[in-house]
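What follows is subunit A paired twice: with subunit B in the first complex and subunit C in the second.
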Partner chain A sequence: MNSLITAAVLLALLGLAYQLGWSKSRRLETAGAKLHSRPSYHGYLTVVWALAPALVILLFWLLFSDRITQSYILSLLPPDVAALTGADLFSAIRRVRDIASGFGVAGETQPWENAAGQSLREFNALTFAIVTAAAAGAGALAMLWARSRIAPRFRARNEFEGVVRVLLIACSGVAILTTAGIIASLLAESIRFFSFISPIDFFFGTSWSPGFSTTGNEAHGEYGMIPLVWGTLMIAAIAMLVSLPIGLMTAVYLSQYAAPRLRDTVKPVIEILAGIPTIVYGFFALVTVGPFFSNVGALIGLDIRATSAFTAGVVMGIMIIPFISSLSDDILRQVPRAMRDGSLGLGATKSETIRQVILPAALPGIVGAFLLAVSRAIGETMIVVLAAGNSPYLRFNPFEPVSTVTVTIVKQLTGDTDFASPQSLVAFALGLTLFVMTLILNVVALQIVRRYREQYE
Partner chain B sequence: MADHFAAVLNPPSDGSAERLARIRAGLKSRHAREWRFRAYGIAATAAAIAFVVILFAMIFAKGLPAFWQAKMDLDVFFDPAIVKVEPKPVQQEGQSAADYRKAVLDWERAVTLVNWNRVIEAAVRAKAPGFQIDTRQVLTVVETNERFVLRDMFVENPGLLGQTVPVRMLASANVDNWLKGTIDRSLPDAQQQLRDQARGLADQLYADGTIGMRFAWNIFVNVDSRSAPAAAGLAGAFVGSLYMMLVVILLSVPIGVMAAIYLEEFASKGRITDFIEVNINNLAAVPSIVFGVFGAAVFINWFHLPLSAPIVGGLVLTLMTLPTIIIATRASLRAVPPSLRAAALGLGASRTQMVFHHVLPVTFPGIMTATIIGVAHAIGETAPLLLIGMNAFVASVPATPFDQSAALPVQIYLWQGNENRNFFEARTSAAIIVLLALMLSLNAMAIYLRRRLERRM
Partner chain C sequence: MTDLSTSETKPETIPMHMTSGSAIIESSELGKGKTVRTPDKENRPVRVKARDVSVFYGPKQALFDVSIDIPAKAVTAFIGPSGCGKSTFLRCLNRMNDTIEGCRVTGQIELDGSDIHDRDLDVVELRARVGMVFQKPNPFPKSIFENVAYGPKIHGLARSKSELEGIVESSLRRASLWEEVKDRLHEPGTGLSGGQQQRLCIARAIAVSPEVILMDEPCSALDPIATAKIEELIDELKQNFTIVIVTHSMQQAARVSQRTAFFHLGNLVEEGPTDTIFTSPKEKRTQDYITGRFG
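Here is the complex of A and B:
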């Protein structure tokens, strides 16, 4: 109800402001003055000036109303109730609020509760009226001021466009803010983690056994991340071994050999792979691929576990195929036609042209695509959560279960709302490590790809 | 190859016949190599397509049967000898809302305490008169939450007392397994999920048509359930995902488009713009789980937003989707022919007018396509949601984006981990089909829009 009234007040202010700005400038125009800006711009600008102070006041109220009301209720409580703590105090406040809202409470009410409820109701009504009136008043004053500025020479359009530009700049700042926020939050929590565990033990330790998070437990366990990084790299390597040849050859075949019609049907089919959520791949790995490998292994006398680095790596490789193939396709297409035609004209076969002219020319771009794919494989989560087996030991056999950085982040941070123990804080340190690893890969890869593009433009 | 070139550049003195012979001699192996290379390309493309086919075949083979589920048609007699409760209370005059609610709740509690299992047992026995079976075994045939369904029917309509109503009840998950053959029928008794008598009863009821495989509407209208797996559905997860989609669209489209406009149309090319650009490209490649860690640290830990709420999930996914939308919008802004800009500026439009009145409307379909693809990608994302607490078991449909909720991909994650494996493998695949259907329809919409755009331009 209250928010509806507020919205109505704001809408009324908006409509009124536009009307005032528009009609005054329009009147000037019909009176024969030559306006710098069209009347609608005067209207927009008046709206901006009218809404800005009202919104600022409402925002402040939104931020602080809860605290103000809370302290008012506390002042209403009799001393013996106010001395309560925790859940008792919370339920006392809750009862007062329920009485004030008219919903009532079950059972007998005490006289002081009724009185407190009554005064809270009056307080709520009063503060709401004051805030709404203040917002409306400030808006109206600003609106009148903005209206008073309207004159034939007044550059309303320029000022309004300035406001628009500030808005645009603020929006592009969101991207920077996100990066800064990611770095700041990860750093802050990681520093808290490193107050428990020394960075040397974390970055160079070879044993991972964090133990359980219990408050007041001084035994922290071991936090060496080498086994996790090893597992991550092993799975990423297997994924690249699967996806690079298939993805690259697919791109070569589709861009150099296939007839346009075949290409137009096959390409979207392969790109479906890119659109499938990773949780689906994880399920596929767990239910189909893992048991399949395990059976094949049993046939040829090899002990392959159903959830292993191999299973996760192969499925992740399948996931990355379209990524590699579409990036390589782009890159192959940027190789100048003259190079290709020159080679073919000298009598080289198509495959010789591709292998000895096109691929070497496209190599830097393909390396960039490869690095981007590696960064994606390192950051992939759901496939490894389901199919890698989650066993954080330093193992060199790819057919054994492993654990990765991402799996461990999920494991340490899910279901835990208490960010005080090293057991959950370690997730931030791992997240930071992952972020830095992928950041370096991305920056290098994007730089290579960019330079490659410039080379042939 | 290099020697062929050498041969061409420096013709051997002893005539061309020998040269020709050398080239001819090499031709066979060169053509064989050409053929092999081509075969690799075809094999790689075929493998990529085969992965798509296998993945979909496996999901559909497992998931489609789950849309038909064992249900039994029973005639339920609301026996007054079993359902012994007072009439439903009516709000008295002068009774407060809270007191009335308490009275109704007390009555509903009494209704809940009725032994509904006996009502169900009688209804089942009536369908198989004379079948020798214990009470407990009868109840294992019917899904456990059906007693709450009967209770809710009665709470809704207390006039049912003493009447016989046909009710379609869910058979238990174990009956579903038994009848569909997802459990081996030849297993010894100790390894079966149902006891001997219950299996016989299920077979008899299936043979006489009381139990049949009927379309599982419950997957779409029910919420998740732990105690009654056969009744578990996706309604809560679907609505949760929908809310997140809404948040993503409402936030990422305006912010992303405005940022793109600033960077492409207004910003002077300089160090700051370069920095923002590198930033955005990097953000697009940051692993999704890092966004999850960031969300846990900032939205949950610092701002104390509610755990597992769609609003938080939506915010995290917005930050993830923003770079995609910015990059795509910039690309479509760049594709607008410069003549359009020159014409607008030449006729005296300001830069802002040129962008908002002439350039932006042309890019609208492109922005729309990018948005849909970005959103489709975002709703399939699982890992960041796990970190903001969305892996909690929530058995309700969220009323607002601030309520606790599940999400489709997280529901898939939770179901694949359910202990009742042979039942939930199919359920999980069914949930995947729903998610993929949602994503594919979004993508189809994007393709349709792109086609229309291309036709118009």
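Here is the complex of A and C:
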């Protein structure tokens, strides 16, 4: 409700601001002055000026309101309650807040709690009114100032373009800051993990048996990640062996042979494969594909386990087909028609042209698509959780169960977790490893794709 | 083509490139100067014979009943304003229109007396006999050597590596590119200049020893100096090949061709010896076009 009122006030302010800026510059124009910028730019700029101070004030309120309210509640608490620490103090504050918001609390309420809740409610209403008034007042002042600046030679257009630029930079900044934040937190937690376990044991150890955090921190267990990385790579390799030929052939068919009408139908249908949630693939692998492979294996005298690297890899490969086919199709269609005509004009057949001219010309792009698909395969979790057997031993037979980095992260973070123990912290080290692996693949892939684009544009 | 006539045309063709701005009148004067030589008098055999060729793109007809005889070992130029159907007709001659979705060709086209739409004649074989050079140079993303060796390889023309190298060298020589690229045969063909790339494409077409070479505005993406080189090359190539060239430039048609066909709005308006077309066209539309009144 409160935020709705704020939004309404802001909106009304903005409409007014635009009108003010526009009408003043419009009047100047009709009075015969030659304006540097069109009236709409003056309007927009006034809006920006009205909005900026209000937003800054609201942002500060967002950042600090919680702390201010907290200290206000503390001042309301009786001395014996305020002297509490940790969870007890936290729950006392929680109760006061819930009474103030009308959310309600369990059990009997103390008189001081009710009084504190009442004061908090009044305090909240007051601060909200102050903040809204401050924001509106600052906005209005800035708006009037912006309006007073409007003159025929005032470069509103240039200034507004500058604002747009800043806005765009801020938006891209969000993505970058988020990435930086994730990396920082991964790094910090990983460093904590490495204070328990030496990085050499982690990166080069071949045995994975972390034990349980409840058995005490003294028995740390073994954290060699080689079996996990090996399992990840084996499953990714099987997935690529399945998806690359099928995806590429599909792409060649779609881009070179299929009639446009057929292509327009088939391509979306294939892309539906990419839209199926991976957990669905997972139980599909567990319930249908795994037992099927196991039966086939028994028939030909091969011992294939129902949950194995092979099962997970094949199903993951099927999931990745649309990535490869869709990306490669786009890339193959970008190969200039002149190239195709040149080959056909020399009397090459369609398949000769595709094999010897079109595929080589599209190769960098296809490699890029391939690497993107690999990084997707490495990061994939749900299929592997269900279908790979979750057995973190170093095994080279793809028909036996394995475990992967992602599965292990899931395993280490489900159930009771204590973030002071290496059993949980190892998830961050594994996550960091995974992140670095996919990052390198993505960077290489994008580099290759970019180089390819430059060649033909 | 005798040596005498080549030496007749050359001193006049070369200064022509330099004065391309005012060249329309000069080109008709050029025509007057060499009226003695007409292809009819030399009595060349007909290599390609087209009768009532029409082309449809979906429901739209792009070419209307074109009939023409293209003589062997001479250059025939197709001229006309944009969209007049000259490129469309050119692409009929090696059935490149087959590769365009929704394109339909009717009528009869004969190469050395046999129908190119005949079921016994494979389109692959046809395109080996009727090579093509495109508007924009389109070397494959391969080395210079591989570009030229591509055709001979797919048609199995060379039995050994040295034979293949021989074909590549002679093709590059005939395309007058050998001297410029002989030291970097294994560098990518896309690294050459535009004019060199186009000569590479010509070498690539020559390498499969076609009878006819179709050129679709081969100089439109090139600067005047590269254009001059290609025109010189065309003049030499006509001793061994039948060349059909589509061009936007009437000066170019006058410089390099022995016969000219004028297309307008999908019709073949007039066709005859280049000199005649440029000096005394029968049709008013031809007259208007070559004097620059429309187009």
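In this text, the second predicted complex is superposed on the first by the 293 of 457 C-alpha atoms of A that agree within 3 Å, B and C clash if a C-alpha of one lies under 4 Å from a C-alpha of the other, contacts with A are read in each partner's own complex, and residues count from 1 in each chain.
Just so we're on the same page, a contact is a pair of C-beta atoms (placed from the backbone, for glycine too) under 8 Å apart; a residue touches a chain by one contact, two chains touch by 3 or more.
Note that the coordinates shown come from a computational prediction; the quantities given were computed from them, not determined experimentally.
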item: Touched partner set for A:113, first subunit B, second subunit C, both or neither; value: neither
item: Partner chain in contact with A:352 - subunit B first, subunit C second, else both or neither; value: both
item: Touched partner set for A:431, first subunit B, second subunit C, both or neither; value: first
item: Touching partner for A:338 - first (subunit B), second (subunit C), both, neither; value: second
item: Partner chain in contact with A:259 - subunit B first, subunit C second, else both or neither; value: second
item: Partner chain(s) touched by A:360 [first = subunit B, second = subunit C, both, neither]; value: second
item: More subunit A residues in contact [subunit B versus subunit C]; value: B
item: Interface residues of subunit A shared between complexes with subunit B and subunit C; value: 346-349, 352, 356
item: Residue ranges of subunit C touching subunit A (in the complex, touch as defined); value: 94, 96, 99, 101, 124-128, 131-132, 134, 136, 138-142, 150-151, 154-155, 190, 201, 204-205, 208
item: Subunit A contact footprint on subunit B (complex, rising order); value: 1, 4-5, 8, 30-31, 33-34, 36-38, 40-45, 47-49, 51-52, 54-55, 58-59, 62, 96-99, 101-102, 254-256, 258-259, 261-263, 266-267, 275-276, 278-283, 285-294, 296-298, 300-302, 307, 319, 322-323, 326, 350-352, 376-377, 380-383, 386-387, 389, 391-392, 409, 412-413, 416, 425, 428-429, 432, 435-436, 439-440, 443
item: Of all residues in subunit A, those that touch subunit B in their complex; value: 98, 102-107, 157-158, 161, 164-165, 167-169, 171-172, 174-176, 178-179, 181-182, 185-186, 188-189, 245-250, 252-254, 256-258, 266, 269-270, 272-273, 275-280, 282-284, 286-288, 318, 321-322, 325, 346-352, 354-356, 372, 375-376, 378-382, 385-386, 406, 409-410, 413-415, 417, 419, 427-428, 431, 434-435, 438-439, 442-443, 446
item: Complex contacts: residues of subunit A adjacent to subunit C; value: 259-260, 336, 338-349, 352, 356-357, 360-361, 455
